[in-house]
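Each of the next two complexes has subunit A plus one other chain: subunit B in the first, subunit C in the second.
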Partner chain A sequence: MRARKFGFALSLLLALGMALLNNWQSPAQERQSGALLTGIIYDRQGQPVFNALVSLISAGGNPIEQSNTQQDGRYALEIPNPLPDGLLLSIERAHFHSMELPLQDEVQAELEQGGIVALADLTLVRRVDIGFWIATLIFIAVLILIASNVLHNTLAALLGAALLFLVSYLGAAISERLFIFDFEGALHYVDWNVIFLIMGMMIVIAVVERTGIFQWLAFMAYRISRGRIWLLLLILMIITGVASAFLDNVTTMLLMTPITIEIALSLGINPLALLIPQVFASNVVGISTLVGTPTNILIGSYANISFNDFLINLTPGVLLALVGLMIYSQLVYRKSLQAQTGDGISEILLQKLEERAIITETEHLKKAGWVGLGMLILFVTGENFHLLPSVTALIGATALLVWIRPDIEEMIEAVDWTTLVFFITLFICVGAIQEVGLISFIADGIARLVGENLVLAMLAIIWLGAILSTVIANIPFTAAMLPVIAFLTKGIPGAESKVLFYCLSVGSAMGGNGSLIGASANMVTAGISERAGYSITYAYFLKKGFPALLITVGLASVWLLIRFL
Partner chain B sequence: MSEKKPRQILCAVRGGPESRQTVTRAIELALESGARLTFFHAMDAEFLHHATIGPLSVVYNELREMGEFTMMILCDRAERRGVENVDYIVREGNIRKQLMIIAIETKAEVMVLGRPTRSPGSNVFKMENIEEFVTTLAEEGNLKVLLVP
Partner chain C sequence: MPGIVCAIRGGASSLPTIQKAIDLAKETGQQIHFLYVVNLDFLVATGRSRTHTIAHEMREMGEFILLKTQITAEREGVKAQGVVREGQVRKEIIEFSKEIEADYIVLGFPRGEGREDVFDHERLDEFSRQIESETGAKAVFPEE
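Presenting the complex of A and B:
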């Protein structure tokens, strides 16, 4: 009985499968004799227009064939046979003016012969409607919320993304002009390479920071300097800078600040004389590698700039800026570095300081060192076999986890999911202003301003980026500027070396030194310092930081001009 | 009628130059009365909630170490001035709440606090509400609160 039932079910499934297969095949059979009409659609900035609906319309106004453009703006319409006369090609896309054009007789004739006909590239013109203004306002609101610390970065970006969807889905029911993008369209703007690279690096950092290496290094700097505070400052700046080039700046400063304060107090000097130059060094040297700052990760992924490219094209400029910064710091803090206050320090305190500077997990540190070396080799050589940095970071993180077998729950907790959500939702918010055309208008404006002058464009991006980064968060700023830079790169002779992306990297990161709110590393350093009774006020940071910005950005600009002109 | 000498004095400070006067006052008081002097540091890490960072446990540990170090410096200073019974306590959490808790726990008779000279953050004392807080603290902790200018 059971066997019969099974046989019946099987036959039913087979029959259903055959029916589906037949149905699936039938449209293809209809099209067998058809020709192919292809082409590419761009916007006025020469960027391919994705997801535009391209339709072939009959004389009666009925769509005969439809297709959506791909990422590269390409479309392909299969032409049925026989081909009716008086056909129109119609293109529709949200946030663009629709376009209709009749198929010319010669094109029609070619199609009738069954060939593949490539039409000339078409350009869609942007349409500014209510959706444009809503997306723009939401993006500005997110920037303000982040800059003013009214909401956590992640919450601000999440709120922005939620509002965009709310307007797109509910608002579109009222008027189609309120539509910004749908969920699928929004995900198209999320750069998963960035997300996975950050996630992988977070796991590696979580292992490294537990080993006590930072505290040990700082204490070694204290020992090596043997009371010569000017030397201590230089060593601490180098340690902080190098650490920031491979780890994120915030983590570096979170770990370096407490031990630096303790060293300064034990030496009887004002901790700010060490901390401020350290945070400057962190912001400057961080950009020498692809993984040193989130902004570089964004830039590298978007513009396909490799780990080596950053090392070759930015590191010399960064070193130049670091030398300038070291001289500046010695000059600015010369009095503090000489003036030792207090009655000296007791043996108990020295002993406490020494106890702090112990590598707590030697085995983990060794293993992390080997894995780190492997990752470095993969970062450097990976581009030869198309290995994405995110894959290297994931491989490294997994290898480390398998090798040291930490508490996996603890390690998963070590991944800062709020940061990852911040990036995902930020991509959506930036995607919205890209979708509605704000980015194109900005790009147009800058292009008009700089014309085809590469030097002007370089200086404009570096200095605009640097100045704006003192007041707005550099991550959303960089994310928003990427498509603008891509457009300028296409239009300015000589910019194909991707120099403008390096300019963006320099401006957005080194600009962080210009004000207390310019970089997250500044904020956490100030927060920790205040907890030890040493306040870093906005005015104090501005007074020390803005000249540092001018010096470092100036020197990095000189390097970029020498390197790329 | 002379006031009863305290046996336990709490001095709640962060350390740093702005705490200098408060610490000096607490040391003088301890020397005058022969009371035990306890420096108290509340480690408030709420500022980190606005930063996009990784695991907080390591950072909290670092902040605790730093807090302990700054308190040890103060103990060192008090000992050099001749205070015989001196120690410190470092706690994690909101400063106001922790001050209330520590006042009750230690049964201190006197707490020495620094009067704010500015309003540095949302979690610490502000000029306009310090008096109100001191009154509540004195009532709930059953102790005398000295505000050092």
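Presenting the complex of A and C:
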């Protein structure tokens, strides 16, 4: 028995050795001429086609040389010597019609002389097959599951990704038309810059949120306003907005809502008169920086828009929208802001408020301040030395952890892994509809509607984004729209400034103010407020939020038109 | 330490419940234990990783709401204290009532039907029976 096993192992080793030897010899046996045949393959929307199999085929139908296209759609085929006549160039790619074209005599002659020949760009035409419909249905199902709250966002996206793989791997065994993409192909669509940027910022936020700075700032707002509630509202909106520009909106509202309720109770006013304008401000001002909202992180990473670009091109519009929002909030809540109950117990409550509004971790806050400043400098200057924002966030988070030395387990737990898994699986789901061509068809449709009219395209993206964001989650919407916007940017004169990406940012984020389910920050605020006995219903939020959407999106649209036309 | 347990959330909807507890305390001469339960179920859809920080903030908010309620009660000459617990509302009310061997539990009327932490009429009846059998305390409601 042992001898048989030994014999088997020896045979295996010999076979392996032979195979290696064979491979070792093959380059020498192949006599390469040094000639190269290169080119780029695009789809009909002008996007490079990645991973297409390009083959040089002999007249007898045998492949002589093969290569796959790179991310930029380029291929390069090494040409053997001697070169047989009647060669064909064949291109195959899942979800596209295959293409074959004969090599022209002059091309062949140049290759025989050992030259490098760059062929004209080639365009592959999309093929709609069963894989297209399956990927589309899975994506729509994920959107519905998220919007209807039937499944947790992450579970819905995870389910979508798992189904896509199941169809691709098991279904493809039945029919190759069921193939959508393999695991490697799916990972190609995951934007790791986004994942690491969010992760780094989560660690920084976890340190900052425990210092008590938010509670202290809110109390200072009360102090500065000296009982003038209209002023208190403005200061709270500014604090919330500025915090949201650097931290995520959900965290900002999680921390600001309880203390705001306490201030309102102390003053004897309805907390909703402060909370609703605050959450509006959070959704609006959040988009003024690259790191303020997940949608901006997605947009910035995809379109290579830097921290500075957001500051220059969006912040003035955001400030304009904030001013509009402040005026609107004062008008809408003017009665509530004056309706102090004056029951004489507020002094005791204020004393309690003062006791609580202290910075609990002064040293940590100082260190976080220095690290935050360093990160800000790197975010602003990083583009000069090709420093990705995700790297800055990771450096900042690590520096803070090393300097403060908190309980590392606790800090890692503070990272919202559920959200990160959501992003990864969402990228895969969006990648699938991109892979099968749905995004290209949508892009084609929008392009046909807006033609080459930049103003029309801007307004369509802003308002479509804003209205859709009131009913569907803005993160999957933004992720799906990015390749569409990239296509429109290429085709519309004047859009090279990436203006359409800023329009998407404004629409998808400010649209969140239109309904209670439009933004996670709204839901969190409603959840806490409900637990203090102040319910924010869907209808109530819609009544206050939709006009806020019209005002802020309108003002931001005016700014973008002025800035880019 | 027998007394009256009054579970509240704050806001206008809790006012009748608070008043009922105060009236009952005046009638029986017992102390009121206002109870606020921190329930973080709403974080399920938004981010569990924030639980540590938000639980602390919600406790602080609960203490604040209870302080306001205590002051109201004490102004009417009733002894009151506030207790903040974390968990499921039903379970915490029963646990706390058992701990202090409460004689009465004052419950509010429905708001936000269909939610786990709010009682509709049917669930309220069922819950009051459960309370009375598990704690021995009498369930009391404000007039509608």
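Everything that follows uses one rule, which is that the second predicted complex is superposed on the first by the 529 of 565 C-alpha atoms of A that agree within 3 Å, B and C clash if a C-alpha of one lies under 4 Å from a C-alpha of the other, contacts with A are read in each partner's own complex, and residues count from 1 in each chain.
The rule is short, and it goes like this: contacts are C-beta pairs under 8 Å (C-beta built on N, C-alpha and C of every residue); 3 or more make two chains touch, one makes a residue touch a chain.
None of these values were measured; they are calculated from a predicted model.
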Answer with clash or fit: subunit B and subunit C placed together on subunit A by superposition. clash
Tell me which partner A:152 touches in the superposition: subunit B (first), subunit C (second), both or neither. both
I'd like to know which partner A:527 touches here: subunit B for first, subunit C for second, both or neither. both
May I ask you to decide whether A:251 touches subunit B, subunit C, both, or neither, giving the answer as first, second, both or neither? both
Which superposed partner A:417 touches (first subunit B, second subunit C, both, neither): second
With both complexes superposed on chain A, which partner does A:104 reach: first (subunit B), second (subunit C), both or neither? neither
Just to be sure I follow: which residues of subunit A are touched by subunit B in one complex and then by subunit C in the other one? 149, 152-153, 202, 206, 209-210, 250-251, 254-255, 258-259, 261-262, 265, 345, 348-349, 352-353, 356, 413-416, 418-419, 520, 523-524, 527-528, 530-535
Help me check something: in the complex, which residues belonging to subunit B touch subunit A? 13-19, 43-45, 47-55, 58-59, 62-63, 65-70, 72-73, 76-77, 80, 120-121
Interface with subunit A, subunit C side, in the complex: residues 8-14, 38-39, 42-50, 52-54, 57-58, 60-61, 63-65, 67-68, 71-72, 75, 111-112
Touching subunit C in the complex, subunit A uses residues 149, 152-153, 202, 206, 209-210, 250-251, 254-255, 258-259, 261-262, 265, 345, 348-349, 352-353, 356, 410, 413-419, 520, 523-524, 526-528, 530-535
Subunit B partner, complex, touching residues on subunit A are 149, 152-154, 202, 205-206, 209-210, 250-251, 254-255, 257-259, 261-262, 265, 343, 345-346, 348-349, 352-353, 356, 413-416, 418-419, 422, 520, 523-524, 527-528, 530-535
